[in-house]
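Each of the two complexes below includes chain A, the first together with chain B, the second together with chain C.
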Partner chain A sequence: MVKVRRSENRSGYLMVLPYAVYFLVFVAYPLIFSFVLIFHRWNIVTPMEFISLKNFVRLFRDELFFKSIINTLIFLSIHIPLQIVVALFFANLLNQNVKLRGFFRALYFLPVVVSGVVVTILWQQLYAYETGLINQILSNSGLRKIPWLISPELAMPSIAIMATWKNVGLYIVLFLAGLQSIPRELYEVAEIDGASGLQKFFKITLPLLNPTIVLVVVLSTIGGFSLFIEPYIMTGGGPMNSTLSAMLYIYNQAFYFNHMGYAATLGFFFATIIFIVVFLQRKFIEREVY
Partner chain B sequence: MRNKFLTYFILVVGAVVFAYPFIWMVFATFKPEFEISNLYPLSKNMSFKNYSVVFGKIPILRAFFNSLFVSLSITFSVIIFGSIVGYALSRLNFYGRDFILMLILFTMMIPFQITLIPTYVLIVKLGLVDTYAGLILPGMMSSFSILIFRQFFLTIPASLIESARLDGCNNFQIVFKIIIPLSKPAVVTVGILTFMSSWNEVLWPLIVIRNEKLMTMPQLVTIFVLGGQAESQLGVQLACATLLALPIVIAYLFFQRYFIESMATTGLKE
Partner chain C sequence: MKNFIVLILTLFFISCASDVDKNFKKRFENETPKRVHLKYWCSANPQEIELAKKLTEKWNELHPDIQVEVQPLPAGQSSEEILLAAIAGGTTPDVCSNIWPGAIAEYVKAGGLVRLDEFEDFDSVISARKIPRDLLESFRSSDGHFYQFPWKTNPILLLYNVKIFKEAGVEKPPVTYSEFFSVCEKIKNLKIGVYPGYTDTRPIWWQRFFDFYPLYISASGGKTFFKNGELKIDTISAEKVFNFFKTCFERNYFPITNFQVDPFLTGKIAMRFTGPWTISYLERNKPSDFEYSFAPIPVPDDYRGEVYTYGDPKNIAIFSSTKHKKEAWEFVKFLISEEADLLLLEICNQLPIRGDLLENQKFENYFNRNQKMKMFARQSAFTRGVDEAPEMKEIFDAISHEFEACSVYGAKSEREAVRNLVKRIKVILEWSK
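Our next item is the complex of A and B:
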């Protein structure tokens, strides 16, 4: 075992060769080229023009870009807590001794497999002010209609609710797996000591679910930072740029205005933010599980 | 007893919340425009009119086959290359193996936002805008899938591989004749995850495809709904959304357990 056979060396290299090629072409080259792009002005048609740090100067003065980042953070700050609470709630119900558990789990999971395009077109109807399903139910029960997508204050929260509806099934499944890995004896011992249901939840369930919570937070953060197709179809970024996500703004800069150098700079800067946010999340949420 | 009842009640409410919108959508596509906003799913005036408008205006069938071709190519490639590379990384000793493994882990940490635009530029330079290759090539390998395969292959007994080698199999034969047939769970997981994500992918097609004939299904539906061709007719918009959802929902009905189990392994990503 210790001695490396020469033939293994050769076939090893041969077999990882496809990945090496892929890595060079679709990972290393784009990464290096993004470092070149951020120092240039370029519309893809005419030759590149070196402008040193002007893209960054422009970025730091670009109020709309920072608004789009804040919009994305607003989205995340609603989406993630909502996602965790709803997913934990349903996972707890399903973890009890219920019949048809698989059936319910499969239904809750349905929106996860369906394309975001379908979900967005569907919810556009549900959210419509006059004819939308939700407002009809509200006004039938004597409540006031809600301007889901029309109001600049509500539009982004509305999209966050829709995204939660779409993704929460996945997190229910992840939490359910986490819950089932907690040893029954822990609860039994707590019951003997006279712990209440709430105490058991906060002293046993929540701490032991920490790895799953970290996972859910990180996954939905990365997903949330990629928010694009929902506002692209639903609102086009409006009203008053309130749903302009950072990805939508970068997309517009690159493929609507053809500002390749600037868009690459925005992408670079935005990726750095994502990196830092995910790093901080892990640092502050992750706990040792005993 | 009351507690049990409450549990089931909430579970049923949840089921309605997650599933009823889809049911409502399917029924709405058969209704005339003025009845769509009715909460009740049925109507006396049901017809296929909205669907005939969709089929008349956009090459949706062609888009379906484009999506199918692109997604299957990507899935096939990810499985084949993923298992070859995964095998080398788990079962062969060669100099630099750990370095390659590190590269793969590093690749998984890069947010796609940083490589999106340079990759588009690369596709332009290679002359692959408006080609199937432009859609397929960037998705042909996946770091995550390589790691799933590597993890799984580590559990296969070394004696099986050793005896195949004594029978004169080379490493490629070992992968295709011994390893892959023994690794069905990993192949199913990677297959479903890859197929689903490439079937539902819409940002990349929007960027590299402009020719209507080459558009994938989610892209064509997006452009149809946004571009005013649907003339803001709700029924028509919902009809093409339904057509887009149909293939994956049918697949989900049959392989529901595998879908859920595969998606749950995204947990391993961290």
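Our next item is the complex of A and C:
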């Protein structure tokens, strides 16, 4: 009996071994190493130098880092509401009995599976001031060209629109699942009571979709905070640092200036901010659903 | 018996002879040093590869016991990154001739370079090149030693289109900022779709070597950012330069755009700041009736004295990974000989850092054939490089951001830009101490 249990144990350990190795090598080790880096200055070449809390002193005086956080928050404030409204709208449409429903569901999901770099390069060409398709259409229709990516005020909203287009398919699927889990009887009862379409949406659909909304908000917040590929490829953080996201700034510090210790400090600080924001979101948005 | 004696004597002589042969071989082996192999990295542009190949071929011919293998710097984002990675990985060459002074501090900190003034004849080699004292001192490291040998310079000057100048009624190139603006105004008034000037507005750190930095050096009379290791930015000159470019963009003298094809060659712009390498490029690609010339960098209206500029120097260093210091130093001396300097001029159109360029008869013929290079040669004594301070790349990145905000977009005043710049540089330096 004991023997059997031991062999069971052994095979159990063997089965979790791949994940344990993965976890140790790719999660635990980098995490511990970057924590050690917080107190060091290291440019990969010269030996690590212990500088105690100097990285934090620089962080709190680094105006560009705080600008990059504000830029990221601006991005989130456009991206999340836009994402929810658009996703909810299309999820509602696709939840009706429309023709080619499966085809449309697949179509909206397509940008999610296409590589982010490819999408970004395509949108960069669409947004180009002189030669971009959007501006060509605008000027052919007698309208003024829009400086999508070269105006400091418009560059971040332009990126947010693109990011929404890219990710909305995933959230449509999540909302669809949420919509289908709402019991039909509730709508039938409401109809008998004479509720209008809008009333049904605001009194039944929206409250019962709360868990999905929380999930979408949390997922898109975390995704939005890690905004990197879009500004890296489209604008390099410009014009005037208006699209410099926090992740792009951390990347520049690490791999452009070789400030590994400082980048690790920024990374940890930024992770703390994400944790606080997500914690607050859950506290204020999450509701009990019957 | 007689035969026997002859046989014995023959055998004796043969054995003696083979003994002599053995001894000779032994002695020869002891006296002949082993063949030394050196690895030399040069810049990866075609002209410099050609120069390096010619020089090493000649060296290998003259020194069969010290064979040098030349390799262009491996491809990467910048040569500084590649060299740092090579130091980290222990794959540095013995000698490299593409050392940017701004990165020396990091190489020295990483223990990657050999002190060159430890060689007995260093002083005499330096004095043979007659380098102006103040220019030479700018290459001395903060510990008082030399880790780089000043090799070549590419002074940045004002390039202009002679034909457009004539059309606009401009008789001589502008000397001061107000003269520059009045030339711009005349060109703008031609209304032929030509922008008076141009500079790349992207906030890439090294782009500032072709706009802000040469103008800062000229406005400040040859100052850089540091003095004796201390940050000493000439804020007034920096403000003047930010304001100069701000005016250029505000008045639409300079466009905020990137061109797909060279705007100078296609006559879309009349002026830009560039170095002598442009000459061979323009000569190869210009239309038959295209005329161009160079002038010193414009200075503020109240500036008096010699006009300085950024010299874009690249130097030679020996890496401490070498097992043959002495031989490497001998090779370096060969690379900076008069013959090698002449080849540098002939093949690459780049100037050796030496004080006798226009007096030395060796180069006379070259300068007579290349009159445009004479102006660069005259300017080469009045050049400055970048300070050997840590984090120069990030400092120039900070300049780029202020340049973009203040000069290109006019979003802040020049005073604010300089104040922010100094503040940010201080944060960077304090952290790196």
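Going forward, the second predicted complex is superposed on the first by the 284 of 290 C-alpha atoms of A that agree within 3 Å, B and C clash if a C-alpha of one lies under 4 Å from a C-alpha of the other, contacts with A are read in each partner's own complex, and residues count from 1 in each chain.
In this text, a contact is a pair of C-beta atoms (placed from the backbone, for glycine too) under 8 Å apart; a residue touches a chain by one contact, two chains touch by 3 or more.
The structure presented is a predicted model; accordingly, all values stated were derived computationally and were not measured.
S.K.: Which partner does A:Ile44 reach: the first (chain B), the second (chain C), both, or neither?
M.R.: So A:Ile44 meets both chain B and chain C here.
S.K.: Under the stated touch criterion, which partner chain does A:Phe257 make contact with: chain B (first), chain C (second), both, or neither?
M.R.: After superposing on A, A:Phe257 lies in contact with chain C but is clear of chain B.
S.K.: Name the contact category of A:Val98: first (chain B only), second (chain C only), both, or neither.
M.R.: first
S.K.: Of the partners chain B and chain C, which touch A:Val25 in the superposed model: first, second, both, neither?
M.R.: In the superposition, A:Val25 touches chain B alone.
S.K.: Now for A:Met240: first (chain B), second (chain C), both, or neither, which partner does it touch?
M.R.: A:Met240 sits against chain C, while chain B stays out of touch.
S.K.: One more residue to check, A:Ile192. First (chain B), second (chain C), both or neither?
M.R.: In the superposed model, A:Ile192 contacts neither chain B nor chain C.
S.K.: Looking at chain A, does chain B or chain C touch a larger number of its residues?
M.R.: The larger set of chain A residues in touch belongs to B.
S.K.: By the touch definition above, which chain A residues appear in both interfaces, chain B in one complex and chain C in the other?
M.R.: 44
S.K.: Write out the stretch or stretches of chain A touching chain C in their complex.
M.R.: Answer in residue numbers: 41, 43-46, 54-55, 57-58, 61-64, 150, 152, 236-241, 256-258, 262.
S.K.: Along chain A, where are the residues that touch chain B in the complex?
M.R.: Residues of chain A touching chain B: 4-5, 8-9, 11-13, 15-16, 18-20, 22-23, 25-27, 29-31, 33-34, 37, 44, 90, 93-94, 96, 98, 102, 104-118, 121-126, 128, 131-133, 136-137, 165, 169-170, 173-174, 177, 212, 214-215, 218-219, 222, 225-226, 228-229, 232-233, 247, 250-251, 254-255, 260, 263-264, 267-268, 270-271, 274-275.
S.K.: Residue numbers of chain B touching chain A in their complex, please.
M.R.: So the residues of chain B in touch with chain A come to 7-8, 10-11, 14-15, 17-19, 21-22, 24-25, 28, 36-37, 39, 81, 84-85, 87-89, 92-95, 97, 100, 103-104, 107, 109-122, 124, 137-138, 140-141, 146, 170-172, 196, 199-200, 202-203, 206-207, 218, 221-222, 225-226, 234, 237-238, 240-242, 244-245, 248-249, 252, 256-257, 259-260, 263-264, 266-267, 269-270.
S.K.: Using the touch definition up top, name the residues of chain C that touch chain A in the complex.
M.R.: 84-85, 87-88, 106, 109-110, 202-203, 256, 391, 393-394, 397, 401, 404-405, 409, 411, 420, 424, 427, 430-432
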